[in-house]
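The two complexes that follow have chain A in common; it is paired with chain B in the first and with chain C in the second.
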Partner chain A sequence: MLPSIGHLLLLLALSCAVYQIGVNVVAYRMPEARRRPLLSSGFNASLALWWLVCAASGLLIYLFLTDDFSVNYVWAHSAKAQPLGYKVSALWAGQSGSLLFWTLLLTGYCALISVSGKRHERGGDPLQVQLAPTASAVVAGISLLFLYLVCFVTNPFETNPVVAPDGTGMNPLLQNYWMQIHPPTLYLGYVGCSVPFAWAAAALLHRQFGKDWVALVRRWTLIPWLILGMGILMGGKWAYETLGWGGYWAWDPVENASLLPWLTGTAFLHSIMIQGRRGMLKNWNMVLVSLTFLLSIFGTFLTRSGVVSSVHSFAESNIGAYFLVFLAISLVFSFGLIIWRRDELSSEFGFESVLSREGAFMLNNWILLGSAFAVLWGTIYPALREAVDGTSVSVGPPYFNIVMVPLGLMLLALTGIGPLMAWRRTTPAALGRTLVVPLCAALVTAPLLYWLSAWHTGAATAFCLSVFVLAGIVLEFVKGTRARVSMTGERAPQAFANLLLRNRRRYGGYTVHLGIALLFAGFAGSSGFNIETEPITLKPGETMRVGEYTLRFEQLVRPSPMPPEKKDEINAEVAVFLMPPEKITPQTQPMTILRPHIDIFNTSNAPEETQSGDDIQSARRPAIMSNLANDLYLALIEADEKAGTASIKAYLNPLVMWIWISTILFIAGTIIAVWPDRRAALAREHRDDAPAKPVRSAPPVARSKEKTR
Partner chain B sequence: MRLILLALWCFLGLAAPSHAAPTVSEVAHQIVCDCTSCGKQTIDQCMATCAHGKELAQEIRSQIELGKTQEQIVEHIGKTRGEQFLAVPSQSNFLGRMAPLAPFLLLLIGVIPIVYITRTRQRKARITGPKQTPQKIKSDDDRLDEALKTFDY
Partner chain C sequence: MKQWIGIVVISAAFAILVWSGMKSNTMRSIPVSELRASDASGKPFIGQRLRVVGFVGKEPVRSVAEPSASGMIKVHHFMVEDKDKMVAVQYRDALPDTFRAGGPVQVDGVYTANGQMQADHVFTKCPSKYEAESNARMKKPENAPAKLTS
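Take a look at the complex of A and B:
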């Protein structure tokens, strides 16, 4: 009964989405006077759509909580003993549930856009009022694909003919607290790539590409971009904390798919500034925003079609063809719109000099786009090669390091140079004067960094460039504060605070750049300066060395009581000392005790005596001791309980914590940049040409008549 | 300024990678696991857990003991086991060479039209004058820009 209701809710949601798109299309073609009731109906449909998908998702969660194993999806991803948190997160643990979750987020964005338009009807931004119904309808159009899939192709409410007494449970590797945080965050950002595209499509349909649109789309891009970035970093943290191979990024196709729209989104956020400031690159911005959306769909096609191999379990399915068709439709729709409006997308001002902020942003855009292409190329190359000459090849992290390191270094250099350039034009002499301090800072630290990295050129150069960027930004903050002090007579701390508050976009951006510099320093440190041992088998009391640390294996232990979801867990207790082994006496107190362990799970509910080796899955969980300088990372490779020995692999990964700290700067900077500016809203309200009431766009026919007049 | 750049150039010229004997992990990072469950991870990630990865790691260890370099071991595995085991496609034919080169070629090819269009627009702007004089925006950002000019050093 309940599964049928769930399916019915999804069918109703599909009808609602079709209705919403229909009324908005009709409203767009109608004269203004007759449009309002239709737009109102469309608004209600967008809310109904969201509530229906919410109800369906809620129902599926309820089925998980009540262990209703008559539903195939619940049986495949849950079990009676599964903790509550994992039962809820099982919603996105498999194919059909994750598509339903995607639909939930997409329709949520659709409702949010509608509500934002409605909210602005009372003296707010008239442009938002005008574009919101169309943008919302575009998002509803995208949700049609996902609703179709969950209704007719991979229904999460599909029932089993025979009801099993218990479910098979969630994949043990997913049973981690990150499962409750990382996928929703990543999905929220990834699905959010549709939102700026929807605003761009609405702008193209309504011929509104002015400064107000730039401010609007920038705000609606920054938030999903931030969330996607956070999601990517969280994925790295999850992999680092749980997989036990000492790294956080493996250039897996699923990871790459999430990076693609983030890279083009970053390019868009930079080039939209040129449009806002100089009225240039309108065509280019429309291409970038469309590309960001299309890459999110293409990435989904790649990872869900089985075209490429991935460690992520949902990678292979039969839904790839639907995404490919949808991608073709979206490509025609987005680029068709851009071509249709190409005459109105011409630049307001000319490009004055290559040596300018615009020039730096153009170069930054091109490198970001090149990076996105490099990631895409590396991801699809094995499939292309097999199709072209039948050769089976692989593309792994070394390929991406060869290609992405130079591109990353170029980007990092531009991060330092770009913000120091003036808009319109700058002279080489002036630029040289601005760059002297950051360059000197980088050069002073360079010998030490190259020596420390044992002449690992890529890592040391990244480090030097990070110093260059940091010095440049700190200098900008100092100069800005001094300028405010001299302009207003404020005290330095107050001047600094006001500098941030009154120039949020600029200094929010600088804060994000600080985060990027730290991120690159973290990448450079952990890849260029890391130490890794071979697995060493130790008896109790024996020691091994990694860097400055001495590790003494104490004993193998089991937790008591054993967590219910695990069949077994074997811990190796390792005492950590920051001294050579010969100085350690039995009385020496260790810095800490680390417990890398092996988790053993049952993946079958069959009685133990009938289980085979395939029914048991093990996962190595590392133990990490972190500080600002480095992470001591231990993985238990093998444990022999009879002999009481443990085979331990140790890594010393420098500066990994800087990567996670950079996330804080990244979030803080974006929040500063995106925080609404009351003064801008007031200025808009008092602008002479701003209408008192929201302006509805004239229908295309009427507008063309106005033009001819 | 030029001296600083010259110093930087000389310094980078001195930078050279070390030539120590490779470790198993270093070589394993260049080899991909071809088993069904590892999803094309490199061996350094799976050699602790996967039987196939362990076997390959053992082969790498024996090759290191023979005194071979990283490149020689990678080439040996590519020849004996197949190209699908290499994390970077072999550069032995045109398609293989295109794997790492294509992104850079695209960047270069793209820069040419960008520079051409920019130069043409600059030339046009110089001949005909700007399409419109940029409007004065008196935001805090612009005022700060003006003020910052006096602080450039």
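Take a look at the complex of A and C:
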């Protein structure tokens, strides 16, 4: 009964989405005076759509919580003994549930856009009022694909022919707190790529490409962009903390698929500034925002169709073709709209000089787009090659490292140079004067690095460039604060705070750039100077070395009591010393005791005596001693209880913590940049109070093209 | 005009970067059965870096202790099978958690003259469950009451 209700809710949601789109299409074609009732109905349909999908998702969670194993999806991803948190997160643990979760987020964005439009009806942003119904209809259009899939192709409420006494349960390797945080965050960001696209499509349909639209789309891009970035970093942290291979990124197709829209989204966030400031690159921005959305769909096609081979077991499934067809439709829709409005998308001004902020941003765009292409090419090349000549090939991480390291370094250099350049044009002399301090700071870093550690050209370049970016930004903060102090007589801390508050977009951006510098320094440290041992077999009391550390294996131990979700757990106690082994005496106290362990889980609910080896799953859980300088990372590879020996693999990964700290700067910078500016709102109110300035289907933007030199 | 020259130069540099990266880091991915079949036609893959794809053999992994510069290590010996053909693999690092007899496996390394894979990476699958619908379909569970659902 309940599964049928769930399916019915999804069918109703599908009908509601069709109605929402239909009403908004009719309203778009009607004279403005007669639109209101239709738009109001469309608004209600957006909310109803979301509530219906919420109800269906809630029902599926209820089925998980009540252990209703008549439902195939519940049986396949849950079990009676599964902890409550994992029963809830089982919603996104499999194909059909994750598609339902995707639909939930997408329809949530649809409702949010509608509500934002409604909220602005009373004295808010008239552009948002005008565009919101169309934008929400675009998002509802995208949700049609997912609703169709969960209704007719991979129904999460499908029942089993027989009811099992218990479910198979979520794979024990997924039973980790990151399972409750990482996938929803990543989905929220990934699905959010549809939102700026929807605002762009609405702008194209309503011919609104002015500064207000730029401010609007920027706000609606920054949040999904931040969430997607956080989701990507969280995935890295999950892999690093739990998988025991000492790394956080493997250039796997599933990871690459999440990176692609983030790269083009970053390019869009930069080039949209040029449109806002100088009315340029309108065409290009529409292309970038469309690409970001299309890549999110293409990434889903790649990872769900089985076209590419991945360590994540996204095996072949029958939904790939639907994504491919939808991708083709979206491609025609988005680029058709851009071509249709090409005359109105012409730039108001041309480039005056390559040595300008516009020039730097354009180069940044090309590099980001090139990076996205390089990642995409490396990911799909094996599939393309097999389709063309039948040869099966594999493209490994070294390809991505060779291509992405120089591109990343160029981007980092531009992160430092771009914000210091003036709009329109900068003379080489003026640029030289601005860059002299950051350059000197970077040049001082190089010999310092050589003195401090072994030389690694790529990593050293990244460090120097990170210092270059850091110095440039600090200088900007210092200059701005000083100027405020001398102009207003404020104290320095107050002047600094006001500086951030008065120009949030600029200083929020600088804070994000600080995060980028830290992120690259973390990448450089952890990939250029990491040390990794072979798995060494040790008897109790024997030692091994990694970097300056000596590790002494003490004993194998079991926790008491054993955690209920585990069949077994074997810990290796390892004493850590920061000295050579010959200096360690029996009285020497270790810095710490690390306990890498192996978890052993039952993957079957069958009685223990009937279980086979296939029903037992082991998982290595590393132990990490982390500080700002480096991570000492130990993995217990094998434990031989009979002989009392442990096979331990050690890694020394410098500066990994910097990568995680950069997340804080990303969040802080984005919040500063996106925080509503009361002065801008007041200015808008004043402007709206002025007579005769209605925002409606505007005439094509007057082209006042300046002559380019 | 200057802009176009810039774009062409940047694009050319980028194309060279991608091409050179591809050239030196693409390796042939081949099922065990095809690798063995190729042995009959002059062993064209000897000495090459390859990704060999198949299933872990039924025989237990043989781990042999060997001294290395940093201590005693274990060298693992196992078979990878596919369509009744098999290839021996030698691997000095940690086998993945999900490595088990009969499970799918990918082995990266060099195919040596004695017909062995000298592996430097062994991959199995991560546990995400976005598998084909047909694979996830429930078979009648043992001990399950034969009760039809509503």
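Quick note on the criterion: the second predicted complex is superposed on the first by the 680 of 709 C-alpha atoms of A that agree within 3 Å, B and C clash if a C-alpha of one lies under 4 Å from a C-alpha of the other, contacts with A are read in each partner's own complex, and residues count from 1 in each chain.
Just so we're on the same page, contacts are C-beta pairs under 8 Å (C-beta built on N, C-alpha and C of every residue); 3 or more make two chains touch, one makes a residue touch a chain.
Remember, it's a predicted structure, so these values are computed and weren't measured experimentally.
Student: Under the superposition described at the top, does placing chain B and chain C together on chain A give a clash or a fit?
Tutor: Once both complexes are aligned on chain A, chain B and chain C clash.
Student: Applying the document's definition of touch, where does A:493 land relative to chain B and chain C: first, second, both, or neither?
Tutor: A:493 sits against neither chain B nor chain C.
Student: Touch check for A:171: first (chain B), second (chain C), both, or neither?
Tutor: The second partner, chain C, only.
Student: Taking the superposition on A as described, I'd like to know which of chain B and chain C A:394 touches: first, second, both or neither.
Tutor: both
Student: After lining up the shared chain so the two structures overlap, which partner does A:461 touch, if you call chain B first and chain C second: first, second, both or neither?
Tutor: A:461 contacts chain B only, not chain C.
Student: Given the touch rule stated above, what does A:159 touch, chain B (first), chain C (second), both, or neither?
Tutor: A:159: touches chain C, not chain B.
Student: Would you sort A:439 into first (chain B), second (chain C), both or neither based on which partner it touches?
Tutor: Touch partner of A:439: chain B, not chain C.
Student: Given the touch rule stated above, what does A:430 touch, chain B (first), chain C (second), both, or neither?
Tutor: first
Student: After lining up the shared chain so the two structures overlap, which partner does A:72 touch, if you call chain B first and chain C second: first, second, both or neither?
Tutor: In the superposed model, A:72 contacts chain C only, not chain B.
Student: With the two complexes superposed on chain A, say which partner A:381 touches: chain B (first), chain C (second), both, or neither.
Tutor: The answer is both, since A:381 touches chain B and chain C.
Student: After superposing on chain A, check 58-66, 112-120 or 130-138 and name the one in chain C that bumps into chain B.
Tutor: 112-120
Student: Once the two structures are fitted together, what part of chain A is touched by chain B and by chain C alike?
Tutor: 244-245, 309-312, 315, 351, 354, 366, 370, 373-374, 377-378, 381, 391-396, 398-399, 402-403, 406-407, 534-535, 618, 620, 635, 637, 649
Student: Write out the stretch or stretches of chain A touching chain B in their complex.
Tutor: Touching chain B: residues 243-245, 247, 250, 252, 278, 309-312, 315, 347-354, 359, 362, 366-367, 369-371, 373-374, 377-378, 381, 385, 388-389, 391-399, 402-403, 406-407, 422-424, 430, 432-437, 439-440, 442-443, 446-447, 450, 454-457, 460-461, 479-480, 482-484, 486-487, 499, 502-503, 505-506, 532, 534-535, 618, 620, 635, 637, 649 of chain A.
Student: Can you name the residues of chain B that touch chain A in the complex?
Tutor: 1, 4-5, 7-8, 11-12, 14-18, 23-25, 29-30, 32, 34, 38-42, 44-46, 48-49, 82-90, 95-96, 99-100, 102-104, 106-107, 110-111, 114-115, 118, 121-122, 124-125, 130-132, 134, 140-141, 143-145, 147-148, 150-153
Student: Okay, in this complex, where on chain C does chain A touch?
Tutor: Its residues touching chain A are 2-3, 6-7, 10, 14, 17-18, 20-22, 24-30, 51, 65, 68, 70-74, 92-94, 97-98, 100-102, 106, 108, 123-133, 135-138, 140-150.
Student: Can you tell me which positions in chain A touch chain C when the two form their complex?
Tutor: Counting only chain A, the residues touching chain C are 1, 3-4, 70, 72, 75-77, 93-96, 98, 154, 159-165, 170-171, 173-174, 244-245, 254, 303-304, 306, 309-318, 351, 354, 363, 366, 370, 373-374, 377-378, 381-382, 391-396, 398-400, 402-403, 406-407, 533-538, 542, 544-545, 606, 613-614, 617-620, 635, 637-638, 647, 649.
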